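In the two complexes that follow, chain A is the common piece, with chain B as its partner first and chain C second.
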Partner chain A sequence: MNFDLVMSETPKFKVTIDTISVEVPAGTTILNAARMIGGDVAPPTMCYYSKLKDSGGKCRTCLVEVSKGSEKDPRPMPKLVASCRTTVMDGMEVKNITSEKVLDARKGVVEFLLINHPLDCPVCDQAGECDLQNLSYEHGTEATRYEFKRRTFEKEDIGPYISLHMNRCIMCFRCVFTADQLTEKREHGILERGDHAQIGTYLNKALKNDFIGNVIDVCPVGALTDKTFRFKNRVWFTKPVDAHRNCSNPKCCGHVRLWMRGDEVFRVTARKDEWGEVETRPDGTPGWICNECRFEKKQTKDWVIEGPALIPRSSVIAQGHYVGTKKTPVLIDKVIGKEPQYQLNIHDISDVNKPEIELSKIAGPAHSDDFNK
Partner chain B sequence: MEKLTNKSVQINRTPLNFMERAYLPALAKGLTITLGHVFKKTTTVSYPEVKRPFSPVFRGLHILNRDENGAERCTACGLCALACPAEAITMEAAERKPGEEHLYREEKYAAKYEINMLRCIFCGYCEEACPKDAVYLTETVMPANYSRDSFIYKKDDLLIPGPNKKESK
Partner chain C sequence: MGVKLLLANDGVEGIRYYDTYRKNGGYTTAEKALKMSQADIVEEVKKSGLRGRGGAGFPTGMKWSFLAKPEGVPRHLVCNADESEPGTFKDRYLMEFHPHLFIEGLLISSFALGSNRTYVYIRGEYSWIPDILNQAIAEARNAGFLGKNILGSGFDCEIYVHRGAGAYICGEETALIESLEGKRGNPRMKPPFPAIQGLWMRPTVVNNVETIAAVVPIIAMGGDEYAKIGVGKSTGTKLMSACGNINKPGVYEIDMTISVEEFIFSDEYCGGIKNGKRLKACIPGGSSVPILPANLLLKTAKGETRMMNYESMSDGGFATGSMIGSGGFEVLDEDQCIVKHTMTLARFYNHESCGQCSPCREGTGWMYKILKNLEYGHGKLSDIDLLWDIQRRIEGNTICPLGDAASWPVAAAIRHFRDEFEWHVKNPEESQKRNYGLAHYADPIHVAATA
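Our next item is the complex of A and B:
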C-alpha cells in the first residue's frame, strides 16, 4: 500500500504531455491534465463532457500514447489509451500530437465516426459549430473508403422544441447523461443495439421536461438541434451576443448567448467555453439554461444585453466581425441639411428579410406558405 | 536646376521650310495614311451578329440549376453568400413540405434567393463554393438596363426552366 497517497490529501502528480510538464492532483485524467496546459496539446473529444458525470470512453477520439507509465514503472503502455478515462500517474509521459501513432489512429477514428454520418452539412443546422465537422477538418482524410449503404432511420418527431436526426448521430451518449443528470425524468435513450442502435423515445413522445433543451448544446453533431431555429438562418450569419435575464428557475443560470440578426433573436444557447462545452459560471457551476430561457424568450426586451460574444478567429462564425466594430458617423446629411437620397434602396426591391415576415416568430421551420402570404 | 527625368524634349523652333509652308503636300500625306486604313484588316466585329470567342473560363450571368428530375438543387446552405466577396447574395431557407419533393431536391430549400448584380463582381466564388452544384456562371453576358432595381435578380430570374412549365414558376 502506498502510504504517501493516504497521508496527504491530494498528492500532486507530475505529468509530461507533449514535452510540457504540469502538476495535477492525483485522480485527474490525462485529458483534463492536457486541458490544463491547453491549446493543441488537449486531445479532441466527441463523447467526453467534463460537466456530465460518467461521460467519455466511447468515441476513441482522445486516444493518446503513454510512452512512460510512471516514475516507478517506466514501461510504456502497450496500446494507445483513451485519455478521458485514464488517470495520470506520477512521472507519466504522454504523447499526443507529437506521436505519429496517435495522429494515424485519430485519422482512423474519424473515418469510423464518419462511416454512417450523412454528408448533409449544407442542410444541417449544426454546420459551422459542429464538433465532428471541425474534427474531420483537422484530423480526417478527404475521402471515404466506405462502399456500403449508410445506415438510415425513420425520422422521429420528438416534440416542438427539439428535432432529432438519427442519421447524424454518432452514439456519444451525451444527451442520455444530460437527461439523466439535469431533468427530472429521462424520456429518451438508446434503443436496439449494434448497428441498429438509435436514440429514441420509442413511443414518439415529446421531450418536454425542463432543462431537456441542453441536449442541443451537448450534442457534438447535428443529431439534436433546436427546432425553433430550424432552417431559419445559418449559424455564421447570425450575431452571437452575450445576454442575461433574471430567470425564476433556481437551477437556471440565466446567462446565455443570443444569436441575433438585426434586432431579431433567432436562437438562444448556453455559453460555450474553449472546449465546446457549456461554460462554467464564476461560482463553479455549469451554465445550463432552462427551457423557458432557451425556447420562449425570443425577444430582445426579455434580455439584458452584455455585448458581442468572443468567438475564436478559427471559427466561421467570426466572419461577421461583430467584435470591436465602430460606426463611422455620416456627415453628408449635416452638410447638405437633409438625408441623402438613395438611387436605390435595396429594401424596397429585395424579397429577402421582409419586415412583415419575422422568421424568429414562427414556431418551427418556415414553409412555402409562410413566404407566400 | 537638375532634371528630374529624361522625358522632357527640347522643342524644335526652327522656322518652317517651303514644302511645309505649301500646306497641300502635308495634307496629301495625311490623307494617304487615312485612306490606307480602308484596305487594312478591321479590328472590330459587328456584335451581336459576330461574336468573339469566349475564354473557356468566362464567367457571366448566374443560373440556379435543377437536378435530372427537375427539382431545385439549391438547399440554401449559405456557402455562396459566405464566399461572396461583394456580399451580393442573400437567401432565406424553408423546410420542404410533404408533397413538394418533386420541386426541391433536399429537405431544406431556398425560399428566397437573390443576387444583387450591381454588387456582383463575377468572381465565380459562389460557383466554386456550392456543394450541391446549384449555382453556375454561364457564358451569357449580363444584359444592361435602364433602372437599377432590375439588377436585383430573384430566384425566378435565376432558376433555369423546369421540365414542366407550371412547376417552374
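Our next item is the complex of A and C:
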C-alpha cells in the first residue's frame, strides 16, 4: 500500500494556538482547530454556527492574532483576523488568550455589543443560557462608558410561537441563515442598515414554516424566544433531559431536550453541543427539530425519555443538580507554562466545600448533609 | 500648464457626443487596442505604473494580472462609479462631460480582461448621468464600437449601466458586487477576492471610473511614456476634486509634480483661500483620510515641501502625513471648527455603516454622539480619550475598510487639534458663540537638526 498517496489525499497542517499544537486537515478554520484543543484556547463566538453555511465573520469576538503566517511565509498577519473565517496554513502560529492585542480588541467588541443592549436579564428568558451574558462575564468590564439613550424597538410577535425582542438582538445573522437554509421560502431578513438595522419579517408577516422554531435555538441572546415557554420558568430551575419520539416529519430528527420540572415539560429544544450549537446526529446531519416536536408535544407521554442531559459544569443550569455534569478542560497551566496562581482557593475558606466530594455525583440539589457524610 | 490627458478636450463644444469625440481623435486608441493582444495591453498598463484612482491606490496592472481565467467561465469588468466619498466629484465630471472617453476606456479594458458583459455601477444620486451614458453607449454601438464582433476583431462587448440606491457602502467593491447581484449591499468577507470569485462567483475586476479612463492615454502613448509623467510611483495624471473655502472649487487634472502650496494658491488651480482668509486645515484625499493642519499640509515633518503625489502626501505616516486617497481635496479656512467638522463626518459614517460587524455598527454611532456633545458644549475632557479609545478599537477590527474610514478622521482630528477639542470642553459657552480660530495651526514646525 502506498502510504504517501493516502497521506496526500488529506494533507494535514500543523497549527500552534496559544503554544499548544494540533494537526488538522487542510481547510480547517483557526476556530475549529482551537475547538479541537478546547477549553480557554477556543475563542468565544457569537455569530459563527458550524451548521449554517456562510455564518461567521460578523461579530468579531473570535478575533485572533496570527503571529506566524505559515512555514513557507512566516510573516505575521498585519491585522487581527476572524478565526471563524480564516483557514489554517501549515506551520501557522496563532495567539488567542496569549495576545494582549486580542484581549483588548475583544474587550472592545464586548463593550460595543453591550452599549445598545437593554441589559434586561432579570426579565429575559434567555438568562442562564445566554452567550452574551457568558461573554460579558468573561471578557467585559463591570461598568459601561456609554452615557446615551439606548436604541429601542417595539417588541413583536412573529407568528404564534415566536417573539422578537429586537432590543436584545446582536445582529449575528444566524436566524436569517436558518430561515434561508432550513425553510423553502425565506420569510425574514434584515431591514435598514447600520445601528438601526433590524431583523424583520416585512410587514409583520408571521413566520410559519415547519422548521422556523429553530431560529430560537440559534439565537445567542434573548431576541428570539419561545412563546410557549415565556416567563413560565427560569431555565436553571428546570431539569434538562434527553428524549426522542418517532416524528412523522422526515426532516425532523425527533431527538430533543425536554426542560422539565417534576413531571411537567416546560419547554422542548434541540440538543446542543458544548459550543452551544445544535448537536450533530450520529449520521452526521444537524439535529434540527420541527415545530410540532418543539411547540406541541408538551406531555411526558409524548416522549421516550433517555435520561439527564449532559450540561457543562460551568453553566448556571448545572446549579440545581445533579448527576452527569461535564467538566470543561482547563488548559491554562499549559498555555502559561506554569500553575496559575489563584487569588483565592474556595476550599481554604469554606467549611462546607470539600474538594474530594465530586459535585457531579450528587443527584439533585446539593445539601449541607451531603458534606457531612 | 501641466500635462492634460483626461481633460485634454475639456471645453470642446459637443465633446459629449460621438461625432465630435471621434473628430477629436476619439476611439482611435480602441482601434489600436483591438489589434493588440490582451496580454500586451495588460503589460502596457503594468508598465504605466497606474494606481487605482478609487482610493486605495492599488497598482491596476497587477490587479488585472491577478484575474483568474478558468476555462468556460465568463469574466467581468465592473466599473465603480458609486463615488460617494464626501468631497469627491471627479468621476461625475468625467462621466457627465467626457462619456465617450470613459466608454473607450471601458471597451479597451473589457477587451484586455475578456469581459463580454461590463457593468457600470453608478450612485443613485447621479440620476441624470445614466441617460448621458446610455446615449453615448447607443452612439458607440451604432458606430460599431460595442456589440458583436467589434471592428471585426471577434470580440463582443456590452456595457450595462446599473443605478445604486444611495448607499456609500455600495462603493466598497464586494458590497457593490452584492448589490449588483440584487442583494443587500453588505461587504463580503475576503478571501475569496473578486479576482477569483466576484460577480456571480465569476472572476471580476472592479475599477474606478478615472482608472478606466486613464487606460485610454496609456494605450495611446504607451505605458513607458505615461510612466514618465509624474514622479516615482505617482505616475501619470490625477484628477483632484477641490472644494471648501477656496476661490475656484472644481475638478483639476494635475501631473503630481506640483506642490500642495501651488495647488491651493496658484490661479491655475484653487486660486487661494476665499475672502482673503488664512488656511487652517485640509483633508487632501476624501473624507476618510487624515486631516492635516496647515503647517503639516504644506511641509512634511522633515521640513520638506509637501507635493501633490502619493508618496509625499503620505510622508510621515499617519502621525504627520495623510493620503491622496480618491483626490477629494477639502480646504478649511480659519473660520472653520474642527470639532464640528469631525462631528459631521462621524454622522456620515454612522449613517452609512452597513451594520454587519459590531465595532463599526455600534462604534460609529457612539463616536457621533460623543462628538455631538463636544460640539454643543456638553462634553467632558474624558470624552476625548474615550473617542480615541473607541476609534482605536474599531480600526482594523472590522470586515471592510469603512470601519477604518470612520476611525481615521476622528483619530487625526484629535491627534492634531486636541487643544481645540479641549477648548470646547473648557469654554462651553464661548464655544457656542465663536470658533477657536487659526490658533497655532499654521505656525512653522520646528524641525530637529539632522546630524
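Operating definition for what follows: the second predicted complex is superposed on the first by the 313 of 373 C-alpha atoms of A that agree within 3 Å, B and C clash if a C-alpha of one lies under 4 Å from a C-alpha of the other, contacts with A are read in each partner's own complex, and residues count from 1 in each chain.
Keep this in mind: a residue touches a chain if its C-beta (ideal position, glycine included) is under 8 Å from a C-beta of that chain, and two chains touch if they have at least 3 such contacts.
Just so you know, these numbers come straight off a predicted model, no measurement behind them.
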Inset, instruction - Using the superposition on chain A described above, determine whether A:A318 touches chain B (first), chain C (second), both, or neither. - result: neither
Inset, instruction - With the two complexes superposed on chain A, say which partner A:L103 touches: chain B (first), chain C (second), both, or neither. - result: neither
Inset, instruction - Figure out whether A:M166 sits in contact with chain B (first) or chain C (second), or with both, or with neither. - result: neither
Legend entry - Touching partner for A:A26 - first (chain B), second (chain C), both, neither: neither
Inset, instruction - Once the structures are superposed on A, label A:K232 by its partner contacts, choosing first (chain B), second (chain C), both or neither. - result: first
Inset, instruction - Considering only touches as defined above, state whether A:M77 meets chain B (first), chain C (second), both or neither. - result: neither
Legend entry - Touched partner set for A:M36, first chain B, second chain C, both or neither: neither
Legend entry - Parts of chain A lying in touch with chain C, wherever the complex brings them together: 56-61, 63, 79-80, 82, 85, 104-105, 107-109, 111-113, 115-116, 145-146, 148, 170-171, 173, 189-190, 192-197
Legend entry - chain A partner contacts - residues on chain B that touch it in the complex: 75-79, 81-82, 90-95, 97, 100, 106-108, 111-112, 114, 116, 118, 131-132, 148-149, 152, 154
Inset, instruction - Would you pull the chain A residues touching chain B in the complex into a rising list? - result: 120-123, 127, 230-234, 236-237, 316, 319, 343-344, 346, 348-353, 359, 364-368, 370-371
Legend entry - Touching residues on chain C, where the partner in the complex is chain A: 167, 169, 184, 189, 350-359, 361-366, 369, 386, 393-394, 396-399
